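For reference, chains read A, B and C in written order, and residue numbers begin at 1 within each chain.
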Amino acid sequence: MKRNEAGSLSLLAALLVCAYALPFVVGAWTGNVRLDEVWFANLATVVVGGIMQGGVYAMFAVGLTLIFGVMRIINAAHGEMVMMGAYMAWVSFFYLGVDPLLAMVFTLPIAFLFGVAVQKVLLNAAVGAPELTGLLITFGLGLTMIYTAELIFTTDFRTIPYAPGTVQLTSNIAVGQNRVISFAMALVISVGVYLFLKLSRLGKAVRATALNAEVAMVCGINVRRIYLVTTGLAVALAVAGGALVSIQFGFNPETGVLYTLQAFAIIILGGRGHYVGALIGGFMLAVLENLVSLMVPNGTAMVELAAYGLMIFVLLIRPGGLMGVKEA
Amino acid sequence: MRDLRKAFGGVRAVDGCSFAVPGGKISGLIGPNGSGKTTTFNLLTGVIRPDDGQVIYKGENITGLKPHQVFSKRITRTFQVTRIFREMTVLENMLSVTGLAVPDRLARERAAELIAFVNLTHLRAEYAGRLSYGQQKLLEFARALMTDPDLILLDEPAAGVNRTLLQHLLEQIHRLQEMGKTIVIVEHDMNVIMNHCERIFVMDYGVKIAEGPPAEIQQNEQVLEAYFGRRRS
Amino acid sequence: MKRHEHLRNLALLAVVGLVLAFASDALSVYMRSFVLFTMMYVVLALSWNIISGFTGYTSFGHVAFYGIGAYACAILVTDYGWHWVPTLGVAAAVAGVIAVAIGYPVLRLKGPYFAIAMLGAAEGTRVIATVWDSLTHGGLGISLPSADTSFQTYYAMLALMVVTVVVAYGVGHSRFGVRLNAIREDEGAAEALGVNATLYKLAAFVLSAIFPAAAGGIQAYKVLYIDPPSVFFVQITIAMALMSMLGGKGTVIGPIVGAVLLYTVQELTWVNFPTAHLIAYGLFIVVIARFMPRGLMGLAIDRGWVRKGMVH
């Protein structure tokens, strides 16, 4: 078994090398790699931009991995929860006149309660049921959320003009202010949640439940309550991710599907149920996407393929991802 | 003469263990919990691949074949915890078996016979998941016989089966042996093993520690040690 | 099941087919179109059911095959001047080949991972259809030469539906179908009973891909305009799944009932509430998955109206 483990890890490493090399190869083929100073500056810019974006990806992937880790449920509505967060930010900015990031003070508690409700009404029934039950339930929930959002907000793309300036990192690498801000926010929140899980009593109970719900129960942990907290936290993370998305990208009700797939690809890559794996996976996917959009013709459309391709190949080569899966 | 040998090394569960199963007889494979009995079955039937060693069946090397390929060599098995198809009827469970190159009608007749053989005729159109545990065991047993196999591996056929059903099951096993089949039983119920098997293999920590007829095994020091703890020396 | 029962069911299908064939003249243009799309959803739901109902591999990406079929038809008719009927065969063949290519790796994944991988595969196909300008005309879509195709496509869809029902029925009531069920229930045990699961799953997957492709082709010729968002619309996959689930996946009648029922409801509501019916779709899935995973047929079986199992 050991031998297999190492073998699949090196295969995965080879896959990742190929994945990162591919945009360069395609770029060279189509003349998008020029090796001059401007191009290198562009390259550096997209890599830095990718890392910034990765923080946001990591944040919503972390929510997905939390739910999976604790309850073995794949939340197919996760992207829709991100989308919900984006709209919450949009509403607070345009209608309430509140800074979209400051608005998290009240959007996150709302999201938490929403998560608790979802857990109570729908997901408790899916814990321990065949894996598909949870997936189907959340998938249906996601659809409901998409079209409810369309009913309220229409399918128009929305953006929030926020911190439009740029930050000059070096003489020729500049990053949007909004990206830097959201990166910092993502970092603060992810690390905060990580510390909460590692250090606080409740966080430890969450991790204990993830390791083995039955043992946790025997140890006097109220597992049902942990489930509520987990989903609440996960939805809050998704909504926070949505707010950070809203200040740098356009969104409409249907963009959620993409976020679900991205988040899923990330946690597959990082190792389902792994918190740190999700963080690493987030950065890796975002950088890869940015490389694709720089060098591959039709890059912006092809970006989506990066996530799907990566996800499918990782599932086939090493379903456990980088950190190995935590299967109950 | 059917001759089955195997030798494994490297896997801790089954560690360099080899034995020859006599053809046309009922053999027992026993050992304390976790001694590698079920793993041995899994290795035999291709569910997991051995790291080392070979499985020879009727002079043919069948090591590393996939489960369905092993099955096509007329080797069949049941599982420790029954693995019947719960949301399929009893009849459908029977018909799911492959390798019957016979028309549909004959397959159904055979299924009906075997269902009768294990006294489940009145439940043939019921979902298998709704049978009692003992009945599920019988169904799994009958299902394993669909293709008229030569080697039958039974993983704890007695567990969870009540006395009457068990008696019935054992009668059927003897009838199969009379028909010339080779049967290997993994079992914890010593009565079953000692009274029905002609040859017994004992495993402990993945290694064969004894082999012989029941009377011999009952006297074997090492076997008693394995079951009742090592004597302090 | 007894032979006379099969004959009776076949006769029933023939009667329905003939009635639908002769009714075409009597139907209004709107009704003809309505019946055509109902039949199309019967085809889609039954096809999805072969891999996801019988075999238990829930696909969230079956619209890929529908879209591929639509594109095969549109491209051949528009750019290569083919007659539209043979393009349906090409559509099915292309979808079959792609199904092998996608299915061979992806069918190794279980449960939710298969489902999500298929969602990714379908989105990926849509992206490729959008960016591969030289073949697909990209995001602009393809306009087919205009013609009155409403009768031709009606008969074609009817024929396709009859074929699909016969195939689904044949699969469902054969030992092949029983083995697919066995894979759904317990793949490891099925293999231990000699079922070559890899091969069986692939066969089921290909079967479930070719009919939607042909349906996509007919639909393209009916509507005469296709573009990536319309033929790779996620909602079509959802409809297939939901119709099967509502009727009862893993049966033959279930998906048919589900398709007719749901498409009728959809048609009645969506004119007035275009978004509301999609919200209802989502809620439906939640409710069915949560409270009646075996669908209407499951209820009928529990009440004793329908016999358990497919093979008797």
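Simple rule for what comes next: contacts are C-beta pairs under 8 Å (C-beta built on N, C-alpha and C of every residue); 3 or more make two chains touch, one makes a residue touch a chain.
Owing to the predicted nature of the structure, the values given are computational and were not obtained by experimental measurement.
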item	value
Separation of chain C from chain A in steps, with touching chains one step apart	1
Chain centroid nearest the full-protein CA centroid	C
Highest-count interface - the chain pair sharing the most C-beta contacts	A-C
Identity of the chain that, by mean CA position, is farthest from chain A	B
Mean-CA-position distance for chain C and chain A (Å)	32
CA centroid of chain B to CA centroid of chain C, Å	42
Gap in Å, rounded to a whole number, between the CA centres of chain B and chain A	48
Residue numbers on chain B that touch chain C, as the complex places them	45, 47, 66-68, 71-72, 76-77, 79, 83-89, 91-93, 95-99, 104, 107, 125-127, 143-144, 146-147
For the chain C and chain B complex, residues of the former touching the latter	174-175, 178-179, 181-182, 185-186, 188-197, 250, 307-312
Residues of chain C that touch chain A when the two form their complex	58, 60, 105-106, 108-109, 111-113, 115-117, 119-121, 123-124, 127-128, 130-131, 234, 238, 245, 275-276, 278-279, 281-290, 293
Footprint of chain C on chain A - complex, ascending	74, 76, 122, 125-126, 130-137, 139-148, 150-151, 257-258, 261, 264-265, 298, 301-302, 304-305, 307-309, 311-312, 315-316, 319
